[in-house]
Amino acid sequence: MDLYEHQGKELFAKAGIPVAAGRVAFTVAEARAAAEALGGRVVVKSQVLTGGRGKAGGVKVVSGPDEAAAAAEAILGLDINGHITRRLWIEEAVAIDREYYASVTFDRAAKMPLMMLTTMGGMDVEAVARDHPDRLARLHVDPALGFRGFHAVQLMSAAGIPVDERKAVGAMLAQIYGVFVAEDAMLVEVNPLVILDDGTLLAADSKMTIDDNALFRHADSSAMRDVAAADPQEQAAHEADLAYVKLDGDVGILGNGAGLVMSTVDVVAQAGGRPANFLDVGGGASAEKIATALGIVLSDEKVKSVLFNIFGGITRCDEVAKGLLGALETTAVRAPIVVRLDGTNDVEGRELLERAARPEITVEKTMLEAAATAVRLAREAR
Amino acid sequence: MDLYEHQGKELFAKAGIPVAAGRVAFTVAEARAAAEALGGRVVVKSQVLTGGRGKAGGVKVVSGPDEAAAAAEAILGLDINGHITRRLWIEEAVAIDREYYASVTFDRAAKMPLMMLTTMGGMDVEAVARDHPDRLARLHVDPALGFRGFHAVQLMSAAGIPVDERKAVGAMLAQIYGVFVAEDAMLVEVNPLVILDDGTLLAADSKMTIDDNALFRHADSSAMRDVAAADPQEQAAHEADLAYVKLDGDVGILGNGAGLVMSTVDVVAQAGGRPANFLDVGGGASAEKIATALGIVLSDEKVKSVLFNIFGGITRCDEVAKGLLGALETTAVRAPIVVRLDGTNDVEGRELLERAARPEITVEKTMLEAAATAVRLAREAR
Amino acid sequence: MAVIATKDTRLVVQGITGREGTFHALRNRDYGTNVVAGVTPGRAGQNVEGIPVFDSVADAVAKAGANTSLVIVPPRFAAEAILEAADAGIEQIICITEGIPAHDMLEVYHYVRPRGIRLLGPNCPGALSPGIANIGIIPAQVFKPGPIGLVSRSGTLTYQIGGELAAKGLGNSTIIGIGGDPVIGTSFIDALDLFQADDDTEFIVMVGEIGGSDEEAAAAVIAERITKPVVAYIAGFEAPVGKTMGHAGAIISGTAGTAAAKKEALEARGVPVGTNPTEAARIVAELVAGR
Amino acid sequence: MAVIATKDTRLVVQGITGREGTFHALRNRDYGTNVVAGVTPGRAGQNVEGIPVFDSVADAVAKAGANTSLVIVPPRFAAEAILEAADAGIEQIICITEGIPAHDMLEVYHYVRPRGIRLLGPNCPGALSPGIANIGIIPAQVFKPGPIGLVSRSGTLTYQIGGELAAKGLGNSTIIGIGGDPVIGTSFIDALDLFQADDDTEFIVMVGEIGGSDEEAAAAVIAERITKPVVAYIAGFEAPVGKTMGHAGAIISGTAGTAAAKKEALEARGVPVGTNPTEAARIVAELVAGR
């Protein structure tokens, strides 16, 4: 789960990482009130889960409540890389001397956290990596050791942090790593990490991603999920604990097992169709679960046909067939469903479906045949 | 460094391990005041760094201040296995239902903490180990894992702790291990760990040993050292950062390096003498350091001769000779000193000593010759 | 001799008294796996249809001689269950549990790996050596014995390919489901090395998917030291960037982890890659027939 | 070829800009040891009489090819210094520092050991292969080259015995000081195995002392797999119970760790034990002469 800047900063502050004082605002009036409360110069920042806010006009430094209101007026509703601004973060402006960059990412290839540090902060780190690779210090931290003083020294030495700054920067690196571990983060990025005129440090931006699997032990970050911003199908799937990803085609896809569903998406495309989604119903075969899944797929109005692809292992195909038929009792289906049942008790399952003779169901034996049929039905329905 | 019961309980309380309320008393009046403050029945317990207090009459349960004063009168000054009682711990009496035993020791052979647990608490654990080995559960904890829930289950299962008690006992085991690690302990023993009438747990006694090398990071336990109880020579050596152990003979022994000094103690005994002490002066050779060390050895009135055994490695024997001669300028020496210098610049060192011709010094070339001479001189001085 | 699931396997099932634990422990035993013990704290002395239950894995090792563990416990307890097995001296740990926090698995990985303990999974279907032993939830009836070692990040996709191979009369030495999580104990490379050393394996099929770079790393190792023929299939050519496709590990980050890049890396090392399970099975059949 | 301190040693000295660090780094280099780098955080770019100083061990490895580290830093920083070396890929770490907290060393031990990294010490004088290389603080002038592998828990006692052997014309392949702390990285057993495998070692002398049970454990291993003749000396026959004799590890706890018990255990396995250094050296000389 990605966090907004202000949410990440809330977790930063909890960990003792210095951030500027600020307030969230959803309206122009709230923005004005925030600027009044904070006093002096403030920064009005679009809160969207994407980069490039500055270039897109999503960040404005203003000198008082009136200007803050005007800036909020301009930024609320602003589209930044397809993300509509619906909330703002109003924070005290600070006097920046230099901008660094620090991050920790979960490097799955190395199976270790990867820390990065550069004195070329404020810009896109990919650009630093590409144009000035020698200026970007990278360091893997062995989780069996955790982040130690020598890791900080090594990183700061490689990044060229002056010796007299190392105590302060090193302490902040330890805090950033601490947040990464304490919050079960997959990413913590501070860009820029600023050195103020008075020499103190401050996290001027925050980018964090939390491991969804660990949210059970983080009540505070769980509560940060922005339900309103989520795609309605994705939100419904999330609530039903189903893995769903929206694509932009018209063939709805359901199946059991992530790999098989990904593969089904591929074969639909290979058959000339355009997949509308990825949906893994998992191992169960209950009518209720199948009904929920079908409902989510069909709530996407673009869907013209549905491909239901099951390879029965532990799950028996006859049970799936019964579940599907039960689901059809309670669910109005507005598009044809192609069902492919293979594996355990597939013959029995197909017989059940054929005997039921539901007009919305077409039964196929193989994955490739099923994909071809679903693609043809979607094309016919256009 | 061994802690008194009440000191260990102070650390226990800090870690959340339940202990009875209590107060330290050094006098009968303080004991009476403690009993008054605590109210009701109290236990008056001798605080000595040895076991067997109960059998020796060092623990008395009393019903009020007068009885507490009488008990304090009886226990203060009591000799328990050679340890004179100089302080008391007065604590609230509790209603005990059952007594268990739990401990963590630093098992150097396994290079892991060793946890032990038995439901046969209150008695000597060595006796349990000998007579009921199947009742004493033992478990090594891999420091790379720390103490986990499964360790607790494993120990409690082996010790036969009833399933309905495991949550509470397991939590306390985790706390005991936590104290062991947090306080850099070499030993934490709770005997008995009592189950009260109301089912709650309490550490009714405490035995702790702290790693001297880690005291720099434990201001609170460092302050617990009982300087008054220490042997005067050992205390002086401790303050001078010299390794000193008192023995009960009349040949004082100094040397450089723990192994060499231990060996010197052995050869003095093999030569028919009785070593008065072990003292490692370490690698230095300064007059000041040698003077301090000599002073400590000679402050033991039983010492009749001194053997100064040096094998020069990095340390040069001529520097040691100069240091020794310098020390003699400032120190009055009341017993003959046999000096053995071998290794780096030994010839020069011996020449310096012979040229100085100090009457108190006899120079020998080998360790065995030096030991024989020191033993002879001590015998002559008796 | 097969790998992981062998005649020497003495299995303890952690979480045996749970619904899933009981079901799969009995299913594995029915298949012929030597299930010697189960573990559920506080349930020592009970049994699950004759399988003795212990309070701890240490007891299962000491009293029942377990050498392999199957972990079927809820995600918040799974990492500690794996560590318990490792601490107890278990040599191979197969973890089925899905949804274990990634940081928990980092700790587990860096504990078991330096100590030479094999961990398969988590979020994996286990290992099946047809006709010998089944550890986990792989539906054995889909597979038959044969010379093909099959290693996969995906469960049902493995069954799909196993089914297609079986339809062509081809069977497997061992099927290894390595799991779909970001941090897994046994990588493609580990599985390739196992199959390379296994006398019963003559061909290797590798089923990958988007996310990470394990397939690319495996391609390099295949070129370097795997002499047995390898065929691959990769799922997720149509997956969008930045979206988790069901498995926690199946996500394309930036330009890294695409199916196309994996296909290219494998083909560059001479490993044919099918673009769907049917095509992959056909390539394998041709290869076997050509021998 | 000797052990630990060899022709292949490329030494980095951690704490090189400290007084002791500088002194021993230069002394080791003067002896012929290949001292390639020093480390003191914040001092990168400086040098100590030509030895380049780096901020981190990782840099010393990357830029100077260090493969062995000598740790001479204050006790409160020493454990982390060892971990830094281990993390940086150093293969052998020799730690001189005395007074490291025992719990710190527990953590270090259980980090380096499963990863196959050699740690010698802490609280040890290091390793010297006469005529080849010296790592640490052993006074090389006491020793001469020869066929005797010498392993000891005590520094000056080692010099004493080395001196007595040299006086009899006998020399050493390598002298290994394993240190006097409760938790040390290299045990007698490890040293015995090194000497057993070393072509330059024909005889082994083992210098033990009171405390722990490493000598007893070594006795069992000698009987099991050490074919080269071993002579032992143990210090501390007169040590009282429960008192730390200078070394943190030299303490008799209850009835465990006495010199008499160690002597008995060794003699029971056919290892002659001298009761003082002179006697031990005489036994060795007779053994060598008898060959």
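Labels A, B, C and D are assigned to the chains in the order they are written; within every chain, residues are numbered from 1.
As a working rule, contacts are C-beta pairs under 8 Å (C-beta built on N, C-alpha and C of every residue); 3 or more make two chains touch, one makes a residue touch a chain.
Quantities reported herein were computed from a predicted structural model and do not represent experimental measurements.
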Target chain D, source chain B, minimum contact steps: 1
Joint neighbours of chain C and chain B, given as chain labels: D
Identity of the chain that, by mean CA position, is farthest from chain C: B
Pair exhibiting more inter-chain C-beta contacts, A-D or A-C: A-C
Intercentroid distance (Cα basis), chain B paired with chain A, Å: 58
Rounded Å distance, chain A centre to chain D centre (Cα mean): 54
Centroid distance [mean C-alpha coordinates] between chain C and chain A, Å: 28
Distance from the mean Cα position of chain D to that of chain C, given in whole angstrom: 44
Numbers and ranges of chain D residues touching at least 2 other chains: 111, 114
Of all residues in chain B, the ones touching two or more other chains: 142, 144
Topology of the chain contact graph, where touching chains are joined (line, ring, star, complete, other): other
Every chain pair in contact, whichever chains are involved: A-C, A-D, B-C, B-D, C-D
Residues of chain A defined as touching chain D within the complex: 142, 144-145, 148-150, 153-154, 157, 163, 166
Residue numbers on chain C that touch chain B, as the complex places them: 41-42, 44, 54-59, 80-81, 83-84, 87, 111
Footprint of chain A on chain C - complex, ascending: 75-76, 99-104, 106-107, 109-111, 114, 125, 137-139, 141-142, 152-160, 163, 180, 182-183, 207, 209-214, 217, 235-240, 243-250, 254, 259, 275-278
Residues of chain A touching chain C in the complex: 106, 108-109, 111-113, 126, 142-144, 181, 184, 186, 211-214, 216-217, 243, 245, 247, 255-263, 265-270, 275, 278, 280, 311-314, 342-344, 366-368
Interface residues, chain D side, partner chain C - complex: 114-115
